[in-house]
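Per-chain numbering from 1; labels A, B, C and D assigned in written order.
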């Protein structure tokens, strides 16, 4: 496989943003271009991820394309997925050998809409969506199974909430009422508007653009079954396969940036991927505190890259998820060492 | 299609073939930074354009961005209420949610001095008299109905005066002006 | 930036989607309208409720539909204290995965109890049908515990 | 040269019957029908597929957010990678190109790609006219958007008024040769096309596309796999381009993104004279006038001459030397998200000699074309009977 690295990233998250998607993305895209000195005409491929449902408008990504400055025209694509999958599509383009640089971005603005209603429309449209279960309830169903089968315990939930910063202490955690029994508010995500942009470059170019490129040593993504009745709530086979294919176990992981919006997801993912509950370094930020649908996964990859640029990690794992009950998962392993 | 075997208890029963699953989602929209500024002034019967920080091109309505460069546009300029038709469509199909007499004319309006157009209604003009390059002016709602919405201008009507030649009308105007600058 | 209040306006996206069901989902919904519950048999003899058109593991088309019982067991549950606007239920209730007798997989629905204290994993429940059934997952109004907590 | 990386080819094509409402199937049933046919054509089982790439236009059409998530099992994708592409109307083409890239890159050997739309679940006019508050421009639907562009084309080229009707009549005739086409109008006359109501002047009712349910699928494989197949359609070139929707000086009649995408495509395919070297074209023509417009933009003729090709019958399957949309095109079947992939898949069928009654005899090289947004997103490919020259 051709060596590809992340050489620049910029991101922003706020609870509620006044800027349009274009106004939000321009400074971020400008920043990564400035960091690398690349002009849009020097970028081989551009790819983004976003959701029309979140934006409340069909073809919403068309207007956001203005943020890139696609004049003259660019080679470009868009996934109706988290930006982490836009990065995957881009990585594949690098493997074709037809590009040396790429721009990847994604964004989400949940604040204008009712995110729980939006998320309900992602569920089986015949049997489940008409009952409008919200994301917290779906997570609650899984959480009870995990607790009652002894796969995780409530103390672990409390400790995870403390790590994520949704509460200060176990005591504070246990003093919270149930939100979606057995989950408390501290177990569940707070949503944020936000976006992320990054530049990727192939070996030979990456070293010119970045002092310490964050090399992608492995990347893979998989999807599980959707039908709730068939899902085993205690496992995430897709994450396990993706982790293996991405070579997670080929060396020590210094930092794991997980797109876990619930404490239960965090603990279950670590278990499935054989990661210690507390890594050597904590995550740089937690989706439980600020989850930006469609961008959270790409943001994890940006954070993992930052950990490498800043010397916090030699080898970092980033994870993205989509769908209910961690149905679809992407794992990306980054390394600071030019292996 | 695969044949499905169902228990005999459903023999002779009219099968369900479709199901209604209504969806309702509520959003609360706030216009972006540039649109906020635009709408406030629009509520004062002023039309603002964005000025590109790159080459001074004027973009109406302002969206806070110059799409050619991916650049933020933070400068505004007040525009005249007159312009011309870049191109147009005579429509005989109703727009869902809008009560318009058919046929109606929708046209790309290029304000005088603007470098891009926007789609809007043209009226007080028989369809057969509408032309690319025809000069138009804004017809505003009565003052008491003007607010910070996008709908303060009811439509555009012919304002008289000589047409803009086809070669300079609409998007061609930009190239004509650039050509003029090069020659000058 | 001037210190005006932000402009804002509502947008409601609303549509009565009509979904054609195909034979399997259609048969399940027909069953609900007739107040019976159908599952679909996999090659290994296990029964999926609600039925899927294609085997989740092997992707082969499934065709053999069978009736299952209207009683079953709560596999897992969560409590909904404040139902959202679109919810079919306007009172606090449990959402649960319920495995019907004769089925091998659970379905998602509500258990209509007044407080979370009255519900456990393993609680036996039975279907409460809506008065008018039309061929919709909501023909099941919810599930009720079969025996009271005091038994 | 070429697409970069490894060779790839289409060895399986599957399509559903297209119709206003496919009342006999669910959404899983619809995508499955196309995918199953593609697999059967390729002689493969579900287990043979490494990954699935799905394309679809706005999720509002069906009211399911990211529906690939619930369609995982219907497409045999459990435990495999699934990608979901959305690039407006060009999406069916872009999706095929993303699927091809998974093979060109060497990441996968056998990829299933599916594009679909089930427009009957809602109403296209509703889904496309969702009006955000504070929006300045009026939204008169796709016809209202493209009509002013077509008007300028007519003005620039001075094309005769009935060229659009000729395209529409031709595509509806072609549709009679394609059992999957949505519109089958055996009794339609040219005069009826001309006399059909003017909807978005200069666009008549008969010059517009229908709203359809349907899906298209392809199996794309690497060279080793394709060598085992009887009649693979080798991918000679693939290109995508996008430009902004509205900017100073934008040529909306003949967008630069279209011209540059085509130039890249011909270069990759080693084609210097498309008119001579391409045997058949499946072009995205949702409004009849776009046939002459794209003929010019893609370099099949000089600017201003597109309508002359139409007028002289060059694009007709009977007697034309550059038949366009032998399947009946978007004007005869339009499940929006699938429409681009149908173009790509039809091109593959032609060079495989499997297009049935609408087969162009001896077609060796074919172009598939799709566009979207405000004519600003483009996806194109060239497929051939022979392996691309090294």
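Just so it is clear, a residue touches a chain if its C-beta (ideal position, glycine included) is under 8 Å from a C-beta of that chain, and two chains touch if they have at least 3 such contacts.
On a predicted model such as this, the values are computed, not experimentally measured, just so you know.
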Other chains in touch with both chain C and chain D: A, B
Chain-chain pair with the highest tally of contacting C-beta pairs: A-D
Chain B-chain C separation of Cα centroids, rounded to whole Å: 45
Where chain A and chain B are represented by their mean Cα positions, the distance between them in whole Å: 36
For chain B paired with chain D, centre-to-centre distance based on mean C-alpha positions, whole Å: 28
Euclidean distance of C-alpha centroids - chain A vs chain C, Å: 30
Residue list for chain C, restricted to those that touch at least two other chains: 6-7, 9-11, 13, 15, 17-25, 29, 52-53, 56-57, 61, 86, 136
In chain B, residues with contacts to at least two other chains: 1, 17-19, 21, 23-31, 33, 35-36, 39, 66-68
Multi-partner residues of chain D (at least 2 other chains): 23-27, 29, 60, 62-63, 73, 78, 126, 130-134, 244-245, 247, 250
Touch-based graph of the chains, sorted into line, ring, star, complete or other: complete
Residue numbers on chain C that touch chain D, as the complex places them: 7, 9-11, 13, 15, 17-25, 52-61
Contact set on chain A toward chain B in their complex: 18-20, 22-23, 26-27, 29-30, 40, 53, 56, 63, 65-71, 112-114, 117-118, 121, 125-126, 129-130
Residue numbers on chain B that touch chain A, as the complex places them: 19, 21, 23-36, 63-72
List of chain C residues in touch with chain A within their complex: 6, 11, 13, 17, 19, 21, 25, 29, 48-50, 52, 56-57, 75-81, 84, 86-88, 95-97, 105-110, 116, 121, 136-138
Partner chain A, residues of chain D touching it in the complex: 3-5, 26-27, 56-60, 62-67, 69-73, 77-88, 94, 97-98, 101-102, 104-107, 127-128, 130, 132, 239-245, 247, 250, 255-257, 260-261, 373-374, 376-377
